[in-house]
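The same chain A turns up in both complexes below, where it pairs with chain B and then with chain C.
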Partner chain A sequence: MLELTINDRVVQVPDGLNVLQAAKHVGVEIPHFCYHPGLSVAGSCRMCQVEIEQGGRKRIDLSCSNAAVDGMIVRTNTPAVVKAVKGVLEFLLMNHPIDCPICDDAGECKLQNYYMLHGLYDSRLNVEKWHKPKVHPVGPTVVLDCERCVLCSRCVRFCDEIWGERQLGIFGHGSNEKLINYPGRELDNPYSGNVVDLCPVGALLDKDFRFQRRVWYLKSVKSICPLCSRGCNIYLHYDVDHDYQRPGRRIQRIKPRVNPDVNRWWICDRGRYGYSFIDAATRTKTPRLLGKDADWNYALQKAAELITTTQKQHGPGSISALIAPTASNEDAFMALRLFRERLNIPQISSDIPSSEKLTADQLLLTDDPYSNRRGFQDLGLGPADGGMNAEEIINAVKAGQIKGLIVVGTDLESLVGKQVESITGKLDWLIVGASQENQLWNRATVGLPLAVYAEYPGTFTNVKGMVQKFEKAVEPLGQALPQWQVWHKLAGHLGADWRFDDARAVFKALSAGKPDYESLNWHATFGVDKGCYPDNW
Partner chain B sequence: MRSFSESTRQQALAYLELYPKKEAALLPVLHLAQKEFGFIDDDAEVAVAELMGISPISVREVSNFYFMYHHHPIGKYHFQVCHNISCSIMGAETILGHLKKRWGIGNGERTADGRFSIERVECLACCDRGPALLVNQTLHTDLTPEKIDEIIETLR
Partner chain C sequence: MPEYKLVSKNFDYPDQPELQAAVSRGAYEQWKRVLSEQIPPDKITEEVKTAKLRGQGGAGFPAGVKWGFVPKASRKPKYLCVNADEGEPGTFKDRKLLERDPHQMLEGIAIACYAVDIHTAFIYMRGEFYEPQRIVQQAIDDAVAAGLLGKNILDSGFDLNVIIHMGAGAYICGEETALLNSLEGWKGWPRLKPPFPAVVGAFRSPTVINNVETLSGVPHILRMGGEAFQKIGTEKDGGTKLFAVSGHVEKPGVYELTMGSSLKELIYDVCGGIKGGKKLKAVIPGGSSAPVLKPEEIDVPLEFESMAAAGTMLGSGAVIVMDETVSIPQIFMIMARFYAHESCGQCTQCREGCTWIYKISQKILAGQGKPSDIDLMLDLADNMNGKTVCPLGAAMAMPTIAFLNKFRGEFEGMMKN
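Right after this comes the complex of A and B.
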């Protein structure tokens, strides 16, 4: 720890911070564009100037590129500092198009915020502003407006330092200087969307969020990316109250949530842009019985009858369950409690090959598209937990040894291709739990529509064994239910009297005796954020 | 694709040895490239990048920043007119306008016969004798349109 004075307050901050970080640490925000804690220090925007007094000598200097030192006196609000910052701001705004009314960044734009803080003057420019490319397709996911850019070089440094390949550059000189992709190259790295978060203004914007929502309408919950086993921490930004643009689109965008132990400030494009399944037209919304819509009670009653009858006739081993490890720990726990403990089904497997092949990269993405393989393993549903794997179960079905099959979260394409009849023909019945209509859905004896991760709270355990909680953003579509609730209800139809009021109760039960799980404070990460992007540096 | 002559290559590699960070040699190497190719176009940037083992983006960022690097072929006689404050006060725009009118070309352009080109440049360090102009390596000061015409006559 070291002690310094910031705006006449004596404060203590940890070692190793720069002045800007030290001030932020004690709640003093210093305006800045180019500084970002995840990138190297550029010291180019000159916005972060403060007065620094050391050894009795005062100077105006950059807070981002001066280390906080014991005994330093920092002032962020003297007339000289304000004048310097205003001057920088005026230069930045000189050729800025000020098209805030049509800019997606309005509301979370640093330039706009700092103008409100320090500007509030009329432009003194009486000649035409410089014009530069607008709506420039800088890459497949991002659109660039060179006029809005403040040349902070954050995006350049991201490609360079974090992804490791130069894709953008700042070319030219003076007022004509512009950030753009190098001819023949695109901003097409698999982490490209991070430059949108980094860009302090509306120069780099997500194509898929363009003109979708004013950011102040967005609500936000803390969530976990379900698209690979890394379990990056994210915010789900949603809005259901202003759907003039694309009716039915509830999730508007995904933003990274800082977690130094998992994803730092970043997420990959797969995770960022891969949310359309949540509001897809192919979502399952109603329970199905023999290809027709049914209500939950009736469908589950039927499912219970099928299970009981088959087990009575052919024994407990005549039923098998395949559950993809994309489900939450609570889902897996309840499935195990029902199928293994209550029904004594010996063959339950989550070891289902994925039809999607991922290649791990140097940053975050793993080679495992399943978000919760580790959690399933911890709960006793891993590949090493004995019994047959998915392929062997399918073979047993084909051999007529299994009469009833429960399939959840997979369409089995990786095991049987499109030859669904090769198994349905051998089965007395097939119960399918799915959130998307798939090749099994319409052939299911009983179809159970499942909620997706954005629609209920729960936990995933990532590849490193970290238990992480995700929150509920929106209601389940139609009549869909969280998977654990479906098993909870089905258990009721099978005569069990279980009382799990909510996901938290399930989590409490599953974490008993598991220190990694017990240490998670369920409430600590809960709550709906009004502000749209709290990790904004 | 452009490639350096062996002697230029050796010279450039020698420059790289002079600095703790190879990027620091970029300015002199770009000058070498300009001398060799006449101007710095995309291919020249790539050649420099390959020779130095850095990204062509880094090369372009630098070559675009300085007016001393030309990105198009220049004339046999390259007229670089200062337009900084002192020269502007003393009539740099008149000088530029005169050249443009005389040759019918704009700033950064070259006459069809390849003899002359014009470029508006930053300070030539002759603020006391503006307007000033460099023709290739030769400095001319206290210019007027008449004086310019005289200079051009001598270049025939």
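Right after this comes the complex of A and C.
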């Protein structure tokens, strides 16, 4: 720890911070554009100037490039500092188009916020502005408005330093300088969307979000990306006023949430843009019985009867369950409790090959598209837990040894291709839990519509064994329910009297005796964030 | 006040660029002596410190002190970069040194490298210098062939590879850290300091950067001894300085004077006074970045500290003399245009400020200025001055402030018309 004085307050901060970080640490925000903790220090926007007094000598200097030092006296509000900072702002606005009314970044724009803060209301500009390209697609995902760019070089440094390929650059000199693609290159790296988060203004915008919503109509919850086993921390930004029962896009965008141990400030484009399944037209919304809509009670009653009858006739081994490890720990726990402990079903497997092949990259993406394989393993649903693997179960179905099959979160294409009859023809019944209509859904004896991760709270355990909680952003579509609730209800129909009030109660039960799980403070990460993008540096 | 020819003493021999001729006039004598007597490197650095040899590229930093900053125990290679970018408007003295006496500079380079234990020297040369490039490359080749440079120089075991790197025409690449980036193949953007190049320079290795003229003085220090060299000049500024005088004087050109000579005498005695007997109006004493002086202010010693005390700078020694026919608002516009064009664009204030002031200066010339424009420009200059990565922002701001304050009436006069 070191001690310094910031605006006449004596404060203590951890070692190794620069002055800007130290001030932020104690709640003093120093305006800045080019500095970002995940990138090298450029020191070029000159916005972060402060007065630094050391050994009795005062100077105005950058807070981003000066280390916080014991005994330093920092002032962010002297008349000279305020003049210098206002001066930078004025210069930035000189050639800026001031088209905030049509800019998606309005509300999240540093330039706009600092302008409001420093109240430079009368423009002294008395000359023509430069004009530069306004709508330039820098790559498949991102659009650039050169006139809004403040030339902070964050996006350039991201491509160079974090992804490791030069795709953007600042060309020309003087105030005719512009940020644009490297000649002959596109911004097509698999992390391209991060430059939109980094861009302090509305120069780089997601094609996916452009002109969709004003940001102040969005709310956000903390979540975990479900699209690979890294478990990147994210925010789900959703519409405040959306009537969720109407079809349409409720989740408006995904933003990375800082976690130094997992994803730092970044997420990949697959995670960022891959949320359309949440509001897809193919979502399952109503329980099904023999191809027709049914209500939950009836469908579950039927499912309970099928299970009981088959087990009576053919023994517990005549039923098997295949559950994809995309479900939460709470889902897996309840499935195990019902199928293994209550019903003594011997063959339960989560070892379903994914039909999607992923290749790990140097940053975050792993080669495992399943978000919770590790959690399933920890709970006893992993491939190493003895018994048959998924392929062997399918073979047993084909051999007529299994009469009833429960399939959750997979369409089995990776195991049977499109030849669904090769198994349905051998089964007395098929119970399908799914959030998306798939090739099994319409052939299911009983179809159970499941909520997706954005629709209920829960936990995933990532590839490194970190237990991470995600929260609920929106209501389940239609009558869909979280998977654990489905098993909880089904257990009731099978005569069990379990009382799990909510996901937290389930988590408490599953974490007993597991230190990695018990240490998660359920409430610490709970709650809806006000404001749109709190981790914005 | 006479000229004092030290580094320019062989400028008038047409054959001086040839090795034989140069050697016959004493070239490489000191370099050979350094190697044969195995003079300790530290002793050379000390001698250069004693000589009070100041950086001649503009900033005037004592050369020996700079060499002393290079960490001795570096496990990385160390480099010398010779700044031959000569981009400051009004400056044309390094060109002479390169064209007229390349071996003098090469000897200085060799001695400097020996003193700092450097085995690779880059000469970063202004892109337009085709002729100097040809001449210096020939001189390098000849010196290598004669065993004075290259591998195992004169059987001493000391290697020195000298490489010319041509710039591409950006003024900013004369700034030492922009030069390093450009040399490495990046955009010529100045780097944040610290770290200083002596510690982290070219290719992240310790690097000495010196101007052509600075290095050309080094052989003379070894020849006459540091103290004698210093005594030629003043207490803090040893030796001599080349002045490139242009504009309305009878005899423009490059002149070598002892440090501390008078600016007034340079103009009136050495250069023969104002052309055609006209009245002097203004003098820019150290390249376009140096604040302008009025006729009554030019009786100052040409020396780094005295010039600073007079509110201007010695800079690169480029003296631009303007007589009564000159329109200051027009000169100001031309200067502003230069900086607006040459700002590297990295820092907000310099990128936008230079252009803004340039555009206002155009308006004033077009008769569309308003009296408030002068205070606006002064305030913009204040917001730029000393608040940027490199001194270019200040190099625009300081002359702006001087022009506007010293010739305010002339600017205001254009507004009334």
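Criterion: the second predicted complex is superposed on the first by the 529 of 537 C-alpha atoms of A that agree within 3 Å, B and C clash if a C-alpha of one lies under 4 Å from a C-alpha of the other, contacts with A are read in each partner's own complex, and residues count from 1 in each chain.
The criterion applied here is as follows: a residue touches a chain if its C-beta (ideal position, glycine included) is under 8 Å from a C-beta of that chain, and two chains touch if they have at least 3 such contacts.
What you see is a predicted model; the values in this text were computed from it and never measured.
When both complexes are overlaid on chain A, chain B and chain C end up clashing with each other.
Within the superposed three-chain model, A:Glu413 lies out of touch with both chain B and chain C [touch as defined at top]. Applying the stated contact rule after C-alpha superposition, one finds that A:Arg166 touches chain B and leaves chain C untouched.
In the superposition on chain A, A:Asp208 makes contact with neither chain B nor chain C. When the two complexes are overlaid on their common chain A, residue A:Tyr182 makes contact with chain B while staying clear of chain C. In the superposition on chain A, contact of A:Asp368 is made with neither chain B nor chain C.
Of the two partner chains, neither chain B nor chain C is touched by A:Glu53.
Legend: residue contacts after superposition of the two complexes on their common chain; A:Val88 is shown touching chain C, with no touch to chain B. Clashing C-alpha atoms with chain C appear in just one stretch of chain B from the list 23-31, 41-49, 95-103 or 131-139: 23-31.
Shared interface residues of chain A (contacting chain B in one complex, chain C in the other): 169-170, 172-173, 177. Contact residues of chain C toward chain A in the complex are 170, 172, 187, 189, 192, 340-349, 351-356, 359-360, 363, 370, 373, 376, 380, 382-384, 387-389. Every residue of chain A that touches chain C in the complex is listed here, in rising order: 41-47, 49, 60, 65, 83-84, 87-88, 90-92, 94-95, 124-128, 130, 150-151, 169-170, 172-177.
Within the complex formed with chain A, the chain B residues making contact are 42, 55-58, 60-61, 64-67.
On the side of chain A, the complex with chain B involves touching residues 166-173, 177, 182-183, 185.
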